[in-house]
Amino acid sequence: MSENLIEVKDLRTYFFIDGGVVKAVDGVSFNVERGKTLGIVGESGCGKSITSLSIMQLLESPPGKIVGGEIIYNGENLLNKTKEEMRHIRGNKIAMIFQEPMTSLNPVFTVGQQIVEALLIHEEGITKEKAKERAIEMLKLVKIPLPEKRFNEYPHQLSGGMRQRVMIAMALSCNPELLICDEPTTALDVTIQAQILELINELKEKTGASVMMITHDLGVIAEIADDVMVMYAGKVVEQADTDSIFEKPLHPYTIGLMNCIPKLTEEVEELSVIKGMVPSYDDMPKGCAFCPRCDYAKKICEEEMPELIELEGRKVRCHMYSEKWKEEN
Amino acid sequence: MKIFRFFTKQKEFEQEVLSSDIEYSSYYKDSFKRLKKNKVAMFCAVVIVLLILIAIFAPLICPYDPTHQDYAAILSPPSAKHLLGTDEYGRDILSRIIYGTRISLSIGVVAQILASIIGVALGAIAGYFGGIVDTIISRIMEVFAAFPDLIFAMAIMTFMGKGVLNLFVALGLLTWVRTARLIRGSVMQLKEKEYVEASKASGATSFRIIMKHLFPNSLSTIIVLVTLGIPNAIMYEASLSFLGLGVQPPAPSWGNMISAAQPYISYRSLYSVMPGVAIMITVIAFNIFGDGLRDALDPKLRT
Amino acid sequence: MFSYILKRLGQTILVLIGISLVTFILLQVVPGDPVQLMLEKRADPQTIAAVRHELGLDLPLTTQYFNFLKNALHFDFGVSYFSKEPVTAVLLRCFKVTLKLTCLSFIFAVVVGITCGIIAAIKRGTAIDSALMTLAMFGVSAPSFWIAIILQIIFGIKLNILPISGFDTPVAFILPSIALGARYAGDIARITRTSMLDVVKQDYIRTARAKGVKENLIIMKHALKNAMIPIITLVGTELGCMLTGSMLIERVFSVPGIGKLAVDAMTSRDLPLLEGTVVYIAFVFVMVNLIVDISYALFDPRIRYGKGNSK
Amino acid sequence: MKKNAKKVLALLLASTMLFAAAGCGKTEEAPVDGEQTTTTSTEGEKVFRVGAKDPKCVFDPNQYTYTHVFVVTDNVLESLIKPLNDGSLVPELLTEMPTLSEDMKTYSFELKEGVKFHNGEILTSNDVKYSYERLIKKQVMGSILSPVVGYQELVDGTATELAGFEIIDDTHFNIHLSDVYTPFMSALATPYAAIFPAKACEEAGDTWGRDVLIGTGYFTFDKYEQGVGVTLSKFDEHHDQVAKIDRVEYKFIEDDNTQVLEYQKGNLDYVEIQSTMYPVYSADPELKDQLVPFQPAGGFYILYNTKEMSDPRVREAFSISFDRNVICENVFHGTAAPSKSFIPAGLIGHDEEAEVYPYDPERAKQLLTEAGYPNGYDVRLTLNAAYPLDIPIATTIQEQAKAAGFNVTLDQVDSAAWGEMKLNGGMQACISSWYVDYNDPDSMLYPVSDGRTDYVSSFYHNDEFKQLMIDGVRTVDEAERHEIYKKAEHILTREDYAVSPVYNETKYSLVSPKVQNLDLGFTLRMFFGQVDIVEQ
């Protein structure tokens, strides 16, 4: 099964604030294949979370608004669905787990109540007892010790890792086809991070669900993703399968990100960082958004926004690989 | 970076405001910027300034002496001569309402400043010294909080005699507990902070520690409490005056005007309604401005 | 939990003793003599001395206070100087009336306040929101006695559909309840809206949405239960304030409640009655606060188990 | 969703109830509940509904002298003698007015036969004796019986019975006075001298006047609910005639304005109004015909502390420094008349020819200069907060007296503090009022009588005045008494200026047109025995 579960075409999500427009997601296209994991990488504010929220249609609106594009899920455009139809898809077909396990669970309901709720919404005709059974099963599945006891506990009684496990249990309780993980490990300790990633991987195998893994950490990508999409300032800058990316990053930004990963094998004086910051949307450069931070930047980069070029079955948005670049040389 | 606004969560924002190591000057500058963005609060600030100006220049704007009795024009309806009509002694209602601004505002402000002084002093002492001092002060605060307020005010006013000055004291004594509680809390928090420990180690006296570190840290709390306490004090004044225990006639206060106008409400409804409207405008202005100030200065006070 | 309640009750007794002492001292320092008032125009020293003796006012102050305290511990506050009725009986009678008034105002304030607050929060930024919040602001900012007077005129006289005084029929409570509750309804509406908007921004609401929970269920279940915590704090203090602060409304509507009793006891310097009333009001106030504190646990499990908020 | 909303509501209600339970837990058996208070008026019943104020004390005229008490007790209890509105006295429980012995010190009484108390007992001489002894023992108003032999012994506790009260048989008794006391009959006509059934009163103890009140009056005392009202029902076995109305309902409404609103709503038949409201109500086409005036015997005056304002010239200066006409016109809108004498019209000793006290700021200034205060004089004028009308009066005086050089500051205190200040000499000058207890100048001059002035912060003493007061009560001839009191009054207000009478007011009430035969009395007494209700 290698058909696409979800196809995002030219997605544009803009924020309308103070009379201006912030193009948080600007023409992003990608596919997630069945049973595969897509990793989306980028710094904070590059639009990766907005992309996932756009798919879920959980944007704060106003000011956020999907202004263009298509999200084809199982052959149907999600953007044409009514609110009610979307609600049936959320949590049922497409589930999501968030960055903050600490705050993403409702503090006033027990863990069990929160999992059961998802089941009661989406599984027609399920009894409460049955739902409880399933919930405990799910807790077992995500390797929570003493699931019967945990079922009746409140989120504040659990550690961060446990809570993220609960989030995963909740997300997977209705057997979704797509699981969107928005920085699921960022807020956790390193050891817990690894456990959670392992768990996601394992469950993915078990349930056959596709995963969209959003992260700023290429390490996570290396561990889990089949394909990678690098985003910068609302645009895709590089798209490839994981191996190729790690083997040979093309875009200067990707290269920069790679250099940020501490390599145990090398002895480095200091970690290299990408100089500068993501540009403010007030003063987005006319040309390539990354240009002010780019070591390779040339005049053309300042003037012209590069296209997404197909190159060796990969995609990259950089003048370096264009004809013009060569011309300029 | 506009986009950050969407990702910066409220909590972080509060955290930033709460962290006490920030520079005060920039902190207040930022707060003021935040406040300026709050259009409604700024509008209320303008209303408050207007009210203050009215209070200060009352003698200049008043068409009549508020206590001048014109027996030829008793309870006259609104006219060009008396825009809001006259009361049962032929006094101009508009002039009395204008003068009432003076009394209400001064009572609100002075009583709150007094309450803050008492509250800050006791709250800081309780919070700083802790132990038995704290226990005693806390119990005193509980006694004050649980004591029926109007009865207490009645007793104080009877004890000291009626008069605007005594009213300040009575209202101050009625409302200090809230300030004291909050100051006590924040002082206790701040006490744990390292820098206080550090200055202790360097041999500073307790008093100096409180003054130098704790007070500026709590200043924004106090400012917010005073602003939000003013409408409260104005309402208290109105209630006391309504009971005949507040501002004494012939001095005009909105509370005693409502009280005096009560029998005439079917006949001269404006007489009854206008002082109430004046109270409402003032209280609304202070409440909304105070809320805005709180959100800008000290969001942790919100709940 | 249990030991917590016990500790709080212990503190309450201390506070109540403090309050009774303050009341006692206040009545000693405040000018005015109940005997004088009792005898009104015919007061001569001989008669005054006789009546003072009869009332036990000629005893040393400390004896007077300790006698009071001793009896108060047995819930005996003595007999009112003027009506010669046991204070406890008077208190219960008046408190029943106030309780009725307060409960009605409370229900009015809570139902109207929370409903308006939720509607405003859901419709935030719309005209409905502005209208509701303006109304709430009016409620908060208008003196209750003024609202009372205006309600009396509009509904009692002009429309002539509701009674304007007394408490003998259920309808007689409508106007006083609204007048007393208006301010609190406004307060509750405002805090509900703020609290709801605060909660709606939280991550767990997004989680609920991501789960596919129906929008109105998100508001009524996920958001409201969290938003209840600050609301409860406010509602609790306000219940206390209502129970003890209804004297102005009681006066305007001639409702013989505890607030009016307290004012009367103060004006007549009826020491046993005032002591009883003040201690009773304070007791109720403290107990309401205790109940509120306990009821947090109903809404916030983090408190129930005594663990710190790990947020 | 509904279910959850309900849950939240249930929780809120639960906490309310929890609290309610805490409050009511101790109620045991709840006494009278609110719902039961409306006595449903059956068809054709005649009910007179009176706007009243809760005196917040027992309805016992032996103990409390408030008008709020008398308005009820006057219709339940009766004294031996009854005052008519013209001031004359008629026997009530007596067959005829008592006869006086030669030495004018012994009065002989004969009770009507078979006068029934509300509890069915028959009135006997013993009840009268008991009532009078109780009055004296309760002290408050006992002094009206001070001329009776054995009064002091009873007060001091050296005797248990009133020696001067001689029972002859069940319907006959004599009262012996230690000295001639002309106003004695008037004193016996006061509400304080009401006659109670000895046994029932003794049994009732502290509940007398609250739960139980038994007399011989036109109405029986059915129910007193604190803060709510009092209900009286007609007494079918009244010794003279049965009342025309079935019930009197007093409704306690503290707020004056609410009282009038209730009247306008048709829920009350009788309310008293504030004088300041007179112009408003008299301009109201509906109300103006329902305003009924009555003039109580008494007046408002300024009482000086003669210790502090010791120079009579200063007091005189103050007395003439303000214009009484202005006060009556502007504050009272003509419902009060400037005083001409301390003794109001209709009483023995009232000087018909006297002029209104003058207003002469120039002379006042001159007097002050003569007295050694050329630069003005500070006066602290104390007001009783219970009389809100004092404020405009005092304000007007304050304003006017400036011209004469008086710097008046106002000091408003509540009733309890007022009483104490009076006794302690804590006042320099105050606005006071006095209404007669009985229709006699002795009652009017009581607050300034010798020995009393020390308790009312006046400290006024004048031997001639004192002697005239003694002569007054010992003189029988009315013309002679008139001269004596006229002279005493002149000394008091125009020579020594111990008090400065200001005005005599006319009170107004709103009385529903369906109320007939309501006579509003001279001494603030209200008897409803003759009142009838005729539905229009």
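When the chains are written out, they are named A, B, C and D in that same order, and each has its own residue count from 1.
Just so it is clear, contacts are C-beta pairs under 8 Å (C-beta built on N, C-alpha and C of every residue); 3 or more make two chains touch, one makes a residue touch a chain.
Source: prediction; values computed, not measured.
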item: Starting at subunit A, fewest touch steps before arriving at subunit D; value: 2
item: Chain whose average C-alpha position is farthest from subunit C's own; value: A
item: Centre-most chain, if every chain is reduced to its averaged C-alpha atoms; value: C
item: Interchain centroid distance [CA atoms averaged], subunit B/subunit C, Å; value: 22
item: Cα-centroid distance, subunit B relative to subunit D, in whole angstrom; value: 45
item: Computed distance of Cα centres, subunit D from subunit C, in Å; value: 37
item: Geometric centre distance via CA averages, subunit C-subunit A, whole Å; value: 53
item: Shared interface positions of subunit D, touching two or more other chains; value: 255, 257, 264, 413-414, 417
item: Sequence positions of subunit B contacting 2 or more other chains; value: 158, 262, 265-266
item: Numbers and ranges of subunit A residues touching at least 2 other chains; value: none
item: Subunit C-touching residues of subunit A, taken from the complex the two chains share; value: 56, 58, 83, 87-92, 95-96, 98, 100, 102-110, 117-118, 121-122, 154, 156-157, 167, 170-171
item: Touch list for subunit D against partner subunit C, complex; value: 1, 4-5, 8-9, 11-13, 15-16, 18-20, 22-24, 26-27, 30-31, 34-35, 37-38, 54, 56-58, 63-66, 139-143, 155, 206-207, 210, 226-228, 251-255, 257-258, 261-262, 264-265, 267, 413-423, 426, 434, 447, 452, 455
item: Sites on subunit B touched by subunit D in the complex; value: 67, 69, 71, 74-75, 88-89, 158, 161-162, 244, 248-250, 262-267
item: Subunit A partner contacts - residues on subunit C that touch it in the complex; value: 202-215, 222, 225-226, 299-302, 305, 307, 309-311
item: Residue numbers on subunit B that touch subunit C, as the complex places them; value: 9-10, 139-140, 142-143, 145-152, 154-155, 158-159, 231, 235, 238-239, 242-243, 255, 258, 262, 265-266, 269, 272-273, 276, 279-280, 283-284, 287-288, 302-303
